[in-house]
Amino acid sequence: MRPSERAPDILRPVTLETGVNRYAEGSCLVSFGHTKVLVTASVEESVPPFLRGRGQGWVTAEYGMLPRATHTRGRREAAQGKQSGRTQEIQRLIGRSMRAVVDMKALGERQISLDCDVIQADGGTRTAAITGAWVALKLAANYLREEGLLTVDPILDQVAAVSCGVFSGTPVLDLDYEEDSNAEADSNFVLTGKGDIVEIQATGEKRGFSQAEFEALFSLARKGIGELCELQRQATGG
Amino acid sequence: MRPSERAPDILRPVTLETGVNRYAEGSCLVSFGHTKVLVTASVEESVPPFLRGRGQGWVTAEYGMLPRATHTRGRREAAQGKQSGRTQEIQRLIGRSMRAVVDMKALGERQISLDCDVIQADGGTRTAAITGAWVALKLAANYLREEGLLTVDPILDQVAAVSCGVFSGTPVLDLDYEEDSNAEADSNFVLTGKGDIVEIQATGEKRGFSQAEFEALFSLARKGIGELCELQRQATGG
Amino acid sequence: MRPSERAPDILRPVTLETGVNRYAEGSCLVSFGHTKVLVTASVEESVPPFLRGRGQGWVTAEYGMLPRATHTRGRREAAQGKQSGRTQEIQRLIGRSMRAVVDMKALGERQISLDCDVIQADGGTRTAAITGAWVALKLAANYLREEGLLTVDPILDQVAAVSCGVFSGTPVLDLDYEEDSNAEADSNFVLTGKGDIVEIQATGEKRGFSQAEFEALFSLARKGIGELCELQRQATGG
Amino acid sequence: MRPSERAPDILRPVTLETGVNRYAEGSCLVSFGHTKVLVTASVEESVPPFLRGRGQGWVTAEYGMLPRATHTRGRREAAQGKQSGRTQEIQRLIGRSMRAVVDMKALGERQISLDCDVIQADGGTRTAAITGAWVALKLAANYLREEGLLTVDPILDQVAAVSCGVFSGTPVLDLDYEEDSNAEADSNFVLTGKGDIVEIQATGEKRGFSQAEFEALFSLARKGIGELCELQRQATGG
Amino acid sequence: MRPSERAPDILRPVTLETGVNRYAEGSCLVSFGHTKVLVTASVEESVPPFLRGRGQGWVTAEYGMLPRATHTRGRREAAQGKQSGRTQEIQRLIGRSMRAVVDMKALGERQISLDCDVIQADGGTRTAAITGAWVALKLAANYLREEGLLTVDPILDQVAAVSCGVFSGTPVLDLDYEEDSNAEADSNFVLTGKGDIVEIQATGEKRGFSQAEFEALFSLARKGIGELCELQRQATGG
Amino acid sequence: MRPSERAPDILRPVTLETGVNRYAEGSCLVSFGHTKVLVTASVEESVPPFLRGRGQGWVTAEYGMLPRATHTRGRREAAQGKQSGRTQEIQRLIGRSMRAVVDMKALGERQISLDCDVIQADGGTRTAAITGAWVALKLAANYLREEGLLTVDPILDQVAAVSCGVFSGTPVLDLDYEEDSNAEADSNFVLTGKGDIVEIQATGEKRGFSQAEFEALFSLARKGIGELCELQRQATGG
């Protein structure tokens, strides 16, 4: 039995609330159960130096966690003077995941920055962030088209993510914090709307794990991401 | 006429929503119009080194702004590797303001940290943060008493804050961003529930300003802070 | 009785020695009793990026304290790798105070940097710094006119500052360190030569304080700043 | 045809030279073709603060690249004042991979630090580092047993790693730099000697990729890691 | 002819003014012509961690330059967030020079920190700093003896320093900035009162230079340091 | 008797292995006994900002030490976020030494960066680095001539370095770590192929030392550097 009493293949309640920031070109407050991430998409009419003059755009992401997003207060990264390795790893993952579904030529020489700030954390913050970031990104692209700045939609497909793990010997979908802290294996899957692989990260936490276990996790992820993509379509009117 | 069409002595709509974080000992989402600040109060059972063994507590504050809290995206302080002078100035102000109404002996050897994160900014973020921080602080003190960790309330009085300024030659209460950007004088008042002065900061933005103007700002602040204190009492069941 | 045996409305002996640096376009060693601050004004023929091409100038300030300026040695900020929040707060205040009396158009596209380094500290370093910085600034403007680089004086008025506080229940002018450490309320006033308000910062240190006390502090400040302005005129031959 | 003219399932020539540092308790210079990583294992008789007094040990890793390890000179991280996100991601991966095969109780309250410095880079530096780090780690454990500091071997199994990718539409084993720069999908597999999964990281570089492609990569990795484990056994006399 | 019209073996006017800081246990304002360095000696009743419990003391130094000490304003190291390589090199040299003449056992478990801040620079700041630092150090040792904290003088000998260089083909003593900028060879000598070598640093600036030139510089340094030692004795009443 | 049983005027076995990096324009692995430094010379077709447009080149150096180059593991500078004062001092010395024998006009507007990374340290790392850096620099210059990018050799002379010290009262050549840790005086000499002085650094470690001792050290250095220059010529085919 999972601590949350969910069946192994059941997601936590997921909500994708849009329009939560009055300035951002796209925004989404995503909840996976008690995990809440606020995502804003900001359009800037310039690209990083390494891309200037190439007629293409860029999409990047930053991730942060409010100090009391967690059970006990963590130190504020701005006060410490640097982002942790974990933070950098996560924001690199979010950026790569978004770029996998964007046509950079179609975007033109502009950058979309996705800021993912964790308001409350109960496991799965990076997968919630990816799922919500796509919504904010899509809304920003819609905004650019409505403003006449783009004629073609640069967003080629959806992208969403979920974690899966082996908990008490059983493969389960969408780990919460209590499960995550005790899982024997932990994995994050990022798939497109068509089901292609964008990113897989799988780690044996206390021991190695078997290929059969891995395949069970992958199946759960496919199911969960299918449901997340449906919610994304509803949120973006797609 | 103010851009917001408010009369000179009228606050923006203010809300103080409590219980917005499931882990923090106290929390408050404070809105002054479109300005929204999420405040959490975290109790830690230790004090900073300079106070150890003195039988007294400490209250401190940190302040941050999400990158897209503002009209155009600002740089993330954690990514830049340092907090700006403005950020440090504000968090020092919030901490001083809270400490002015806390009996540190009554609090015992523990620290309460107030994290004030601006979700959306439309002027007056520091005064909203102070007003909301007092609510979170009070709720954390209530929690300590309910848990039997404290028998006496260490919170001696309320404290709330508001900005005032001279806009188009007229003293007005509670500046929003458009007013703040164009004010001839800008001031922040922090007063206790009894009306004592905790902090006054007044600045001539484009020119010096007169003592008569200053006194008009002070009167407006007294009116506004009286109203904010009433809302604080409602929010904390006081 | 004040520890210094001064009457409540009496400044410490104040000196403003000019021409103390052979390279700077303006310089002043300011003493308020045992507090000594060396100020240099450096003219640079360029402005910060945000002002380029606008046909106007800029005035900025930096503040530092030598490690043994104080009773016990403090850590060197350069060795620690960052400026404290207090340092940044003070240098921002000095810069704002100077800019309030400068006609930036008249200054032209050049910057004047005021470096305020505390050689010895006995309370009131920020107000001494402001008072001396104006002298160095004025001398640098005189230099620019003598060199024919400016035809109009960009310095519109004087600006000077003093601290006041409530010590043992009595409002007093120009706190030294011993008074400052024990004051119930502490305030800094920055006024122009004409008496307009440039900046007021007032803080209740151990308790809130009353409006009547505030007004007494303001009156003392007016008297003190009047005397400081007279000394500034003598120092600059005005 | 691969640029290196290797068949799709063929590793580059791999060497594991031990005893290359006269001070370290274990050391290995690992080469995967032109990629060369120097690994040292350093035993310290203390553990990080979070583990003190728990009767268990710790294994950690750091990774660096000499500025001219690559085709064009990169900036020295020590001179830049921080490690890149990529560096931190890699050193966290190496540390996790080693810890998956160590019995921390058997190791006792001591730490083994694995320093992986890339002397020359031609793709696959992280997988070479993991493969060589296990050799250095094993030698350090042997040293502790020879010195009588340990009676039981804390190393529970081997661990090795290889990259695979889809290059010109074909799944291939052990990408060199030229292949890596042009791969459609890139993956790193870390497996134990018994074949269990320690870590999988798979990324679609320009597009998502299919489950069938992923499975082909996994098969290639199993073959390659089997060969690497045989070389590890030879290098450590196992 | 030297720009300063001095003969090759003549020092600039040197003054060593003591008692210039009311808090420091020893202090000296040293001038070598227009070069002015303020040195304070601070006694702290503790030693760095690597010396704790060994019954011996430590002497260390820090060096800084005010931004407008030079012809054109330099950036403030505290604002830049780090000390330059040059600064670190100089403060390490000053510390080593002082330690060469101190009996650390006789000093007891306390540290003397020498802060050397350049008020105005016209060449030779490091040699002026060393010469003045010895005076401040000696005065601090005298203070410790007067207070009864030490019974034996821990200062074993004097130490002073001077620069020499080859300017327009001629070896000259005590380079000022104009000479230093154009010297073919530049050297700093640190000698004890007895004439022993504490440190020699000699550098060919545009070309290598000969042993004969080096010997001429060394002779000049001996003469100059003899004169500096006499001034040190006068300043410290020795 | 020296710990190494060498006669006072005998170098450790020295090797200069070239072509050790497949990407660098010049490279050398230099060994002085157990001290091993890997040097690469990287040519970049641009110069630092302060030299742009002057028609001349630049040569610079960076120095680092792998964490386990030493008997006990040191902290990684990249992880600590800054280079130590010792590191900066050494890399500035290496750069100055190289620049003393390069005709910057002949080099043209390009920069050669010498990265000196200590693989294993047993005393004398900076002198080994200088000796090896010249070899890498010469090879890079040869490369530029072979590629037709230069017609004239910009390398005017050789430069090499060795340490000498007073150990147990005897002047000895080329200190190893055990000698260096116990030397009464320590010195580094950098001389050109013609025997001119590029740099001398001599330090009394526990006491001052005499001019006679200094002259003995200088004689030993001349002998040792003569032998090193012969090895450099062999390594570069000169």
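For reference, chains read A, B, C, D, E and F in written order, and residue numbers begin at 1 within each chain.
Note that in this section a contact is a pair of C-beta atoms (placed from the backbone, for glycine too) under 8 Å apart; a residue touches a chain by one contact, two chains touch by 3 or more.
Owing to the predicted nature of the structure, the values given are computational and were not obtained by experimental measurement.
The chains in contact with subunit A as well as with subunit D do not exist; no chain meets both. The best fit of Cα atoms from subunit D onto subunit E calls for a rotation angle of 120°, in steps of 5. The interface in E-F, D-F or C-E that matches A-D, meaning over half of the contact pairs are the same by residue number, belongs to E-F.
Chain centres here are means of the Cα atoms, and by that rule the chain farthest away from subunit D is C.
Note on chain placement: the centre of subunit B and the centre of subunit D lie 51 Å apart, centres being C-alpha means.
For this pair, subunit B with subunit F, the centres built from the Cα atoms lie 59 Å apart.
Residues of subunit A in contact with two or more other chains: 81-82.
Taken chain by chain, the contacts form a single closed ring in which each chain touches exactly two others.
Read around the assembly ring beginning with subunit A and moving next to subunit B, the chains appear as A, B, C, E, F, D. Contact residues of subunit E toward subunit F in the complex are 82, 85-86, 88-89, 91-92, 96, 100, 157, 185, 187, 191-192, 194, 196-204, 207-211, 213-214, 218. Against subunit F, the residues of subunit D that register as touching in their complex are 21-24, 27, 34, 38, 40, 42, 44, 62, 64, 66-73, 76-79, 81-83, 87, 113, 115, 117, 119-120.
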